[in-house]
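Each of the next two complexes has chain A plus one other chain: chain B in the first, chain C in the second.
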Partner chain A sequence: MMDWWLDSLLVLGLLWLAWQAVSAPRVFRSVVMFIVFGLFMSLCWARLAAPDLALAEAAIGAGLTGALLLSAYRALLARHEQRLPEPRVSRPLAGLIAVLCALAFGVLAWVLLTVPGVETPAGREALARMDDLAVDNPVTGVLLVFRAYDTLMELGVLLLALLGARVVAEPLRASGPGPWQRPGLREPVLVAPLLALLVPLIVLMAGYLLWAGTSAPGGAFQAGAVLAALGVLLRLTGRVRPTMNSSFHERALLVLGLAVFTVAGALGFGFEGYMLSYPAGWSYPIILVVESALMLSIALTLALLFSGSGGLRGGE
Partner chain B sequence: MDQVLLYVLTAAALFGIGVYGLLVQTHLLRRILAVNVIGNAVFLLLIAWAVRDGQPPDPVPHAMVLTGIVIAVSATAFALALLRRYHRDTGCVSLEGREDEGG
Partner chain C sequence: MNVAAVVAWSLIAVGSGFFLAGTVGLLRFPGVFSRLHALTKADNVGLGLLVLGLAILAGSPWTALKLAVIWALALLAGTVSCHLIARYALREQGGRERAEP
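Moving on to the complex of A and B:
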């Protein structure tokens, strides 16, 4: 009974926040509501027995997306109150279309839930074969062993998004979060102690998530997102400054995940006869190396997407 | 099953809200939010589906959605970069206003 109330409240909150995100009178309110919406999604994942997703959503969906949205909001600030043109679709018609879409979605979902033949999906097969793997977390197993192609391609997409964002990017001073403090004002006294406290904690947290990912919720994506948050923090407080061009090291780090994963996959081609199968007995160290490389690449890619720059340099 | 049904219905409603927002909002930042709401509706359906039979959750949809969350944030970042460039070049934050200029 208690669970039922919890789920109902969560769902109602989710719907209200989504509604606010698309229709609040002010854009700033929409953005904030969307960030809270991400946190509620994270709670939903926890309720639906998906702790890996809850961690990823809290770090990426709510955290990084929120930082990106707020930074973009600030860049567009001057124009927000201008009169916006009316939509081409009238509101009642749009409402009707939306209801029909939701109904179609519901029908498709009903088909998905009741269609015969889903009693033995790939996931059951994966769970049944977890004993053969070197990792205990089924989600990590699926990501890096059973469906490693997906993860490999995802790295490609991530890199492509960064390249795309760089191609359309504005000059440096107009991209990213902008100057972090007004000229002439001193840095608030609490910034330095806060950084001294948070930076080691974030690094520790990312390392733990990476290490735990093989047997418990966590993994390269969550750890990468937490490390990216470190990049966001340092960029926002002016500890690193953006640069137009990326250094050789940064470029190497950006493609490291893709490169290491590809090499590990090619190893399987040599030893086992097909791509992305790991040589027998070596799968645990290989998975660990691949995950570490993925974490570093994901972290740098996300941090650069936020920073809106080609690279980052330390110091003032 | 009740819990699954509740979340599936929520996913359908979220999808409708997202579509409505996409249609009636002309501010591009809000359209990006609406697309993200739609994406989250699909994720919610997949994850509710993963626990449909009360057994240990199916890890394949979990892995797909985890991939999806990362793809969604990178696509959002790219969309925001496009929006900022568009705003810088034209001074607009919506596409509709530029019809008369042939854009």
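Moving on to the complex of A and C:
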């Protein structure tokens, strides 16, 4: 009974927040509602017994995307001098689009509901074969073994997203979070102690998530998002500053995940005869190396997306 | 229902009361500073009581330690963000000299 109440509250809250996020009169309110929506979504995943998704949603969906949206909002404000222009879509057109979207959603939902069930769904198949794998966490197994090709492509998409953002990027002063402080004002006293405590904790957390990913919820994406949050924190407090161009090391780190994953997949081609099948007996160390490389690349990509710059440098 | 469970649930109930009071304060109080006061004080104590109750219910020292770490992190983040918001608000209202540091 208690669970039923909790779930209904979550579902109703989710729908209400989604509505608020798209219909709020002011952009700032929409952004805040979107962040809260991400947190609710993460709670829903946790209720559905999908802790991996809950972690990823909280870290990427609510945390990093929220920070990105807030910094985009600030950049918009700076350009339009405190007043955002009205959206240029007329109300009847918006209504028409909404009705068409609802129709498309209804048709898709109807098709999904009436389609006959498969004899052995992929998920059950994967669970049945978990014993053959070197990892115990089914999610990591699916991401890096059964569906490794998809994950490889996702890494490519992430890299393309960063390249796309760089192509349309504006001069540094117009993109990303603005300067940390107004000139002539000292840094608040609490910031340095907070960083001194949080930085080692975040690194520890990312390492744990990566290590635990083979047997418990966690993995490269969650660990990478946590590391990227460290980048956001350092960028926001002015500990690292943006630069227009990326250094050789940063470029190497950006493609590291994709490169290591591809090499690991090619190893399978040489030893087992087809791509992305790890050599027998070596799958655990290979998966660990691939996951570590993925974590570093994901972290730097997300941090640079937030920073809105080509690279990052230490120091004031 | 033994004594420990009664104590734990009372702590959780009192903690939830603090959260409720903090939320009402955030919505109803005038001005940034009184709202921050209501929110952070109530959240710190409320979360502390919740964590204490849950730690008793969990019954394992390891879980209790993890809960305590969560509370400590929330305290840390709450303190610093409250300080930053208050500092910003003070400066916006023209209290530039007093806002240092």
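Quick note on the criterion: the second predicted complex is superposed on the first by the 279 of 316 C-alpha atoms of A that agree within 3 Å, B and C clash if a C-alpha of one lies under 4 Å from a C-alpha of the other, contacts with A are read in each partner's own complex, and residues count from 1 in each chain.
In this text, contacts are C-beta pairs under 8 Å (C-beta built on N, C-alpha and C of every residue); 3 or more make two chains touch, one makes a residue touch a chain.
Keep in mind that this is a model prediction, so the values were computed, not measured.
Once chain A of one complex is fitted onto chain A of the other, the partner contacts of A:V189 are limited to chain C, with no touch recorded for chain B.
In the overlay built on the shared chain, the residue A:F269 is in contact with neither chain B nor chain C. Of the two partner chains placed around the shared chain by superposition, chain C is the only one that A:L197 touches, whereas chain B remains out of contact.
Which of chain B and chain C touches more residues of chain A is settled by the count: it is B. By the touch criterion defined above, A:L76 lies against chain B but remains apart from chain C after alignment on the C-alpha atoms of chain A.
Residue contacts after overlaying the shared chain place A:Y149 against neither chain B nor chain C. Looking at the shared chain after the overlay, A:Y284 reaches neither chain B nor chain C. Of the two partner chains placed around the shared chain by superposition, chain B is the only one that A:A102 touches, whereas chain C remains out of contact. Touching of chain A by both chain B and chain C, each in its own complex, is seen for no residue at all. Listing the residues of chain A that touch chain B in their complex gives 3-4, 7-8, 11, 14-15, 18-19, 21-23, 27, 30-31, 34, 37, 41, 44-45, 47-50, 52-53, 56-57, 60-61, 64-65, 68-69, 71-73, 75-76, 79-80, 82, 84-89, 91, 94-95, 97-99, 101-103, 105-106, 109-110, 112-113, 121-124, 126-127, 138-139, 141-143, 146-147, 150-151, 154, 157-158, 161-162, 164-165, 168-170, 174-175, 219, 221, 298, 301-302, 305-306, 308. Contact residues on chain B toward chain A in their complex (touch as defined above): 2-4, 6-27, 29-30, 32-34, 36-37, 40-41, 43-45, 47-52, 56-67, 69-78, 80-85, 87-88, 91-94, 96-97.
The touching residues of chain C, when paired with chain A in their complex, are 73, 76-77, 79-80, 83-84, 87, 91, 99-101.
On chain A, the positions that touch chain C within their shared complex are 185-191, 194, 197-198, 201.
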